[in-house]
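As structure tokens, the structure follows; a few thoughts come after it.
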Amino acid sequence: MDNQRRKFLGTMGAITAGTLLAGNRFAFAADKSPIKVGVLHSLSGTMAISESALKDVALMTFEQINASGGVMGRMIEPVVVDPASNWPLFAEKARQLLTKDKVAVVFGCWTSVSRKSVLPVFEELNGLLFYPVQYEGEELSQNVFYTGAAPNQQAIPAVEYLMSKDGGGAKRFFLLGTDYVYPRTTNKILRAFLKSKGVKEADIVEVYTPFGHSDYQTIVANIKKFAGGGKTTVISTINGDSNVPFYKELGNQGLKATDVPVMAFSVAEQELAGMDAKPLVGHLAAWNYFESVKSPVNIAFVKMWKDYVKKKGLKDFPVTDDPMEATYVGIHMWKQAVEKAHSDAVDKVRIAMAGQTFKAPSGFTLEMDKTNHHLHKPVMIGEIRADGQFNVVWKTPTTIRAQPWSPYIAGNEGKQKL
Amino acid sequence: MNTPVTENNETQDGGALTGLAHFVQPGELDASHGPVLYLDDITVSFDGFRALNQLSLTIDNGELRCIIGPNGAGKTTMMDVITGKTRADSGTAFFGQTLDLTKMNEAKIVQSGIGRKFQKPTVFEQHSVFENLELAMQADRSVWATLFARLDSESRDRIADTLKLIRLQDSADRPAGLLSHGQKQWLEIGMLLIQRPKLLLLDEPVAGMTDEETDRTAELFLSLAGKHSLMVVEHDMAFVAQIAKKVTVLHEGSVLAEGSLDQVQNNKRVIEVYLGR
Amino acid sequence: MTTTYRYFSKSVWLAMGLLAIGLLVVLPILHLGVDKHSSLYVSSYAITLIGKIMCYAILALAMDLVWGYAGILSLGHGVFFALGGYAFGMYLMRGIGADGVYHANVPDFMVFLDWKTLPWFWHGTEHFAYSLLLVVLVPGLLALMFGFFAFRSRIKGVYLSIITQALTFAAMLLFFRNETGFGGNNGFTDFKRVLGYSITAPETRVAIYMLTGLVLLGALLLGRYIVTSKYGRVLAAIRDAESRVMFCGYNPVSYKLFIWTLSAVLSGIAGALYVPQVGIINPSEMSPANSIEIAIWTAVGGRATLIGPILGAVLVNAAKSYLTVSFPDYWLFFLGALFIVVTLYLPHGLMGLLSALRRKITGGWK
Amino acid sequence: MFKVEQINQYYGGSHILRDVGFTLESGRVTCLLGRNGVGKTTLLKCLMGLLPARSGQIQFDGRDITRLPPHARAQLGIGYVPQGREIFPRLTVAENLQMGLAGLPAREKLPPLIFELFPVLKDMLHRRGGDLSGGQQQQLSIGRALAMRPKLLILDEPTEGIQPSIIKDIERAIRRLSGEGEMAILLVEQYYDFARDLADQYLVMVRGEIIKRGEGRSMDADDVRSYLSI
Amino acid sequence: MTRSAIYLCCIVLALLSLPARAALDAGQLSKLAADDNDAKVAVVKYLASHPSPEAEAVLTAMDNDALYQNQGRLLIVRGDQAIDAATLQALGPVPDSAESIIVNNRLRGAVQGALSAFKLFSSDLATRLKAARDVKQDPRPEQLPLIQQALAKETNAEIHQDLLLAQASIQISSSNEAERLAAVKILGATNNPEVRTKLADMLIQNNGQYNEASPVVRAAAQQALKSIDLRISLARAAASLFSGLSLGSVLLLAALGLAITYGVMGVINMAHGELLMVGAYATYFVQGWFKTHLPQHFDWYVLAALPIAFLAAAGVGMVMERLVIRRLYGRPLETLLATWGISLILIQLARVSFGAQNVDVANPSWLSGGIEIIQDVVLPWNRIIILGFSMAVLVFMSFLLSRTRLGLFMRAVTQNRAMAGALGVPTGTVDTLAFGLGAGIAGLGGVALSQISNVGPDMGQGYIVDSFMVVVLGGVGQIAGTVYAALGLGIVNKLLESWSGAVIAKIVVLVFIILFIQKRPQGLFALKGRSVD
């Protein structure tokens, strides 16, 4: 029904626009119909907690682009669907977006499993997916642009920082994660990396908890025990809801960041807004962007989001974070690529994407790698402040090229290109 | 009972050889000598309350026995023990001379030839009358057999006969749930009969029946006696008078009196329990 | 509600036949034989969506057999469905061969875990026939074991429902573990081929789709045979008056066990058909919420009707597909309200509603 | 003050109560006699509203109470001592008695009359109801009904399975209650002597019908006994 | 720490007693504005060695993220006023161009170490005690001179002991054998795990050489290790028992409401988890109200939240009962499905009205931190209080059930509904109220959960399976059984977790429950009697 009406309005719009622009000297001006783009983020179920803000930031970005004249003069028409944190439903919705709604591009997914679920669909139907979340790597697809960080753009610099004098010169590593692929792979890479740095096997512990685990008493006690053996740091790949009980337990059992800092890869401003940050001061996170970055682009970006949340009466937290920035960057790069290619056709856009640059809120100019579909990104380490923001305590001087295939995993040599 | 001592000894261990005349299959009824049901010293208690108190009772082959007694005398519990629904705390219960009821489960007990009608009529209300009888009919009860079961003409005839007997020919295809109370009682009796049980336990079979239905039930029971053994629990004294040869009065979990209706009615203790106190 | 339904009236047979032809013959032709830009073209979206819903319909039918006919409400049928899916998924994973991202001899996720060789329970899964055997045996044996203990202990009603929920929850946690050897949270994805054919080829898709349709049809006929057999009547009798059935000389344990196991096997087969069509199997299929939803499809359609659960599965899932696009923020309200309305006002589901309407029109039942 | 007219009740397909009607007066004991299964208890359930009557009317103090739920009837002042006592087994004796006050305002206390009639209850206040002997439970059940200060007291076979000494107590209690003249009492019995000793009027029920009624003193003469004996 | 630095410190300490001190060296301070952390650490060390109000002010400001720089000048920001860091003179409002000086963990550690060393000289006993504790727990070599200085002056025995331990913890690495021996001898009384590691390290042989050359010291170390290990293992055992009890109390709070609605009334309420959620959101709501209206009493918001959460959840529960559950009595399986529908609606309602994300519910100060039974073995206050709270709820519930008229009616209705009605109990109203009570108790559980876990729309889903397991295991209708089952499951789960990891522990517990129920279908505390089926 709704689609029908939309289609009708779209056609009417195109006809009107076409009439108005008759005689325009540009050959492509005839096509002023809206470009449909898909938004594939869970709005219900367990992942809604993370993904719903990405849907809103995407809609905000579309609005911004439309307000400034659209893409090649064509308006963006978003098609929002709810895959409900249900992985097979992700695949179904992806297929629907590509075959029924015929969207030019899809922005979406958060978890690895959702990406893995839709990947065959995008490859089969030659669709285009922009994936905005940091992930474990070990994947490369013609049909996906990865705007989040690969492990070498997050995990490895973070550990290097922890081992440095400023990071506290960590000697022992407690790798704590939720039991799924991202933590497993990340920790595997880290283990190999640590070994290459001369860290002994006995100084690394890996512990995994089930999804939704909420009782971290034993684990925090074990961290303390482990920390008795020397300068220790915790590298947390705990995901989602479990972070709140983990950090609460940490605070209440008196584990201080100055003694045993926790470096998290899945905790950003949005997550912190959902917990009391005061006991967490000094704990760390590694990202490619923090809201507290003081670049003019970022100040505008943060203001735009805050205004948008207010204007729309959204329930989202008026803070920005890395995946939101990655979504924002991805959409803009796609727009640039479409304009460069003079077409929204997937094959043309894909070619145009290579080497695309964009001045990102992180204060750096990000570049889409010419060959591996990943962004060159800066790496930043932030320490949690009492107000739920991060102090950027360290950052790379320039952007870093992604290595989706970690050299620390056997058999990955020479795989960095598509 | 006057069963020879030797045979009694044999039956104690489940019974392989009874007497010299015939060989008995374990698990099959042997009531060729004496009582079809033999209860001795049965005690059942719930939460300290003794529902049955050292109850001893025997029913002969082909006998029609009426059991009466005030509420709470233990009639239903006794039936529960016989049919394996309740386990006795102590005492022995034999069906025939070889089948130890205390060691069998409900289904086994039924298969060996004891049929029971509940106080509240329980029929399969969603099934038709015909199907009710079909399910109750003696047949192979294994899952496979029922999966591939086909009704042969003999079975159809038996169902038709039973329908006639219980006067439900015209309702054969109606769901049992739509029958009147009395009809349900009849259907349940029919479901017992079609199992061809050796012993029928009937708990208040005429409750809720019209006078006419009651009379017909009495007729039916009298005609069954001899071929089957019947144990009827009933309060309706007119009905009891119609059918009873021998009456047992239960009181507080054990037998208070036993004998013909006359004897029982004139028994001092019975009068005391029922009227005097 | 009256007595057992007539299985089925002539018009139902006719409708079913037409529907089967439409789904199994016409749609595939419109997908394969018609030009993509034609208005008659049936998209791969429609084919996979219908295929998926048909898998759910088989699952709902399996649920109906135990719940509708035997009165056993399982809140853990997802585990059987998922086990079937995993069993066939193992075959599909092996079918990837060395085409995975690591070009290794073991599935990619094992490379993450540094497993050099396949664990023992993966042996033989490269054989299609063996994996089909697993599809049947694994859910079947689990159901048999669980059912044997549960029914023997006379656990029924809500108790049984709750422990089936615990069963699927425990299984979900087990499969989430990466060390268990089934790919953890990511499960199995990225399948390449089945029996040597590319899994994304339209012909393969249509073949699996048609197979699903045939299995659904077969399951329906099997279900009809079972519930109209004497066995089916005994089963319904157990549901309505278990003690009476015992006093008719039947042992309810074996009766329940048979239908329970059969239902688990059917669920497993549905899972096996589901996996190649949706392209992923992961432990969330075993989440208690998913299993409860299966019960809802069955309740919405109408228990103990065979057709009803199929109808319910189709309607609820179609509504879900539609509402998650049109009203993404509100579809949970619809779903929740549906649960409540059906249980409160439609205790016999849509089929009950239909027959009530028919009675109203024709005046009186039958 | 309590009037029953043309009550009918069915169970399944069978007619359990057939046009039952009678009236009860304050200060008088009415005995309803009949064997097991004639429908006495069903009738009482209809009077209490536990089983709504299919047809007919029940009036209490001139008010039609046929459609009232049980608790509303209790609040109007109908006390019920059911067959089998129906003591709350896991409540203490004191709590069981408190339950008798359920229909009254919270400040009401137990009338001392209860302990005068059944002194044994006083010693057992903290025992669980389920642990009492049958006779004690019967006294408790009557005491519980008296706690609500009923205008009509219904007793269903209070002598069933009770030892003679307690039957004497109960008899004394009923006599005293009726003697005070403020209460109508409906006593359902099978125990002829007990009924005869107490009855001001009697009703005999057979197969759901009241087939005989009369004054209590004429019971012997009317050969009521024959309807009860076996 | 080099020897020269120690000398330097000694000289500095000698200066401490000088009456008048100059303001801080602005040149030194300005290095704080630079990006070089090594330089910053050096400044902190400089400040640590110049105890003065200015130094303390600067360090405190750094610790609180209140140190700013404006064009190379260091400012301490208090509210919206700026103070010159070197002179502590007020400078008026904070200029817009001021930038915060970022203090990372390394600096913060140094800052806090310096501050606690300063506080060793405080005239306030409590401050000194706390400082001594901090120093004992985290002794830093650069603190040694200050510690020794303090030791010389300290009169309080407890503080003295702490300082001795701190000194020994540092001197254990001394190159002087006598100092080491003295240190090791004292250290049997420490609980510091790092010290323990150092002691253990002495006894390790490397290439045939003990790390500690002196056999006397080794013997003492052996002795010290023994007494430390005994104490630590006792404390750890106590702590793991506690964590089991604590998990049990959480399970109990989650399940108690269900013990009424399911156990007593026989209603399968799949929306039970969402009633917990209602309680938790009510807590969030009250917290927000306190933040805006009563910020000075913020710490007490949790207490105020208790009745609100109870009423909110009870209200939702009563509405549920009236509108849906009432019509489904005697149809447990349908109730199950309908309440599942209700749970979906409640989740989405929460999502629509509060957003999909978790909301922030802070622990008030009296629920933060914990009791340290020995160093690094802490029993957190929130868990202790929740343990106590669960017992209080239990008492509250049993009071309601056993001492009030409503409770009496409820028990009577569940034992014999018809008879209760015949005695004048409006059974329908009692059902509603009883369900409200069960729901309200779930709401109280929600308040407790908000203090240890996340508060979000989906939070209830995580508890529903666990709660049902507890009630079923304990035996339906058995409040006492529920208590034993909850605490037992908590302890078993925690024991298993330390042995096999969290995932396996949970699976094993579930499988155990499934098997147990096969064996005893009526749960731990079965009701015996005729009415079993």
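Just so it is clear, A, B, C, D and E label the chains in written order, and each chain counts residues from 1 on its own.
The rule is short, and it goes like this: a contact is a pair of C-beta atoms (placed from the backbone, for glycine too) under 8 Å apart; a residue touches a chain by one contact, two chains touch by 3 or more.
If you want to know which protein each chain is, UniProt gives these names: A, B, C, D, E = Urea ABC transporter.
Remember, predicted model here, so these are calculated numbers, not experimental data.
Listed by label, the chains that touch chain A (Urea ABC transporter) and also chain D (Urea ABC transporter) are E. Ranking every chain by how far its Cα centroid lies from the centroid of chain D (Urea ABC transporter), the top place goes to A.
In terms of Cα centroid distance from the overall Cα mean, chain C ranks first. Comparing mean CA positions across the assembly, the chain most remote from chain E (Urea ABC transporter) is B. Counting contacting C-beta pairs between every two chains, the top pair is A-E. Centre-to-centre separation between chain B (Urea ABC transporter) and chain C (Urea ABC transporter), using Cα means, comes to 45 Å. Here the spacing of chain B (Urea ABC transporter) and chain D (Urea ABC transporter), counted between their Cα centres, is 35 Å. A separation of 31 Å divides the Cα centre of chain A (Urea ABC transporter) from that of chain E (Urea ABC transporter). Multi-chain contact residues, meaning those touching two or more other chains, occur in chain A (Urea ABC transporter) at positions 43-44, 179, 208, 210.
In chain C (Urea ABC transporter), the residues that touch at least two other chains are 173, 176-177, 329, 332.
Residue positions 347-348, 352, 503, 506 of chain E (Urea ABC transporter) each touch two or more of the other chains. Note for the complex: chain A (Urea ABC transporter) touches chain E (Urea ABC transporter) at residues 43-46, 48-49, 52-53, 165-168, 179, 207-210, 212-215, 217-219, 221-222, 224-225, 227-230, 241, 243-245, 248-249, 251-254, 257-259, 261, 270-271, 273-276, 278-279, 282, 284, 314-317, 383, 385-386, 388, 391-394. Within the complex, the chain A (Urea ABC transporter) residues that touch chain C (Urea ABC transporter) are 1-2, 43-44, 79-84, 86-89, 91-93, 95-96, 98-100, 111-113, 116-117, 119-121, 123-125, 138-140, 179-181, 184-185, 188, 208, 210-211, 409, 411-412. Interface of chain E (Urea ABC transporter) with chain A (Urea ABC transporter) (complex): residues 37-38, 65, 100, 102-106, 108-109, 112, 138, 193-194, 196-197, 236, 239-240, 243, 246-247, 250, 347-348, 351-363, 368-370, 372, 376-378, 380-383, 451-459, 462, 494, 497-498, 501-503, 506.
Considering their complex, residues 73, 75, 146, 149-150, 152-155, 157-159, 161-163, 165-167, 169-170, 173-174, 176-177, 288-289, 292, 295-296, 299, 329-330, 332-333, 335-340, 342-344, 347 of chain C (Urea ABC transporter) touch chain E (Urea ABC transporter). On chain D (Urea ABC transporter), the positions that touch chain E (Urea ABC transporter) within their shared complex are 48-50, 69-71, 73-75, 80, 82, 86, 88-91, 95, 98-100, 102-104, 106, 144-145, 148.
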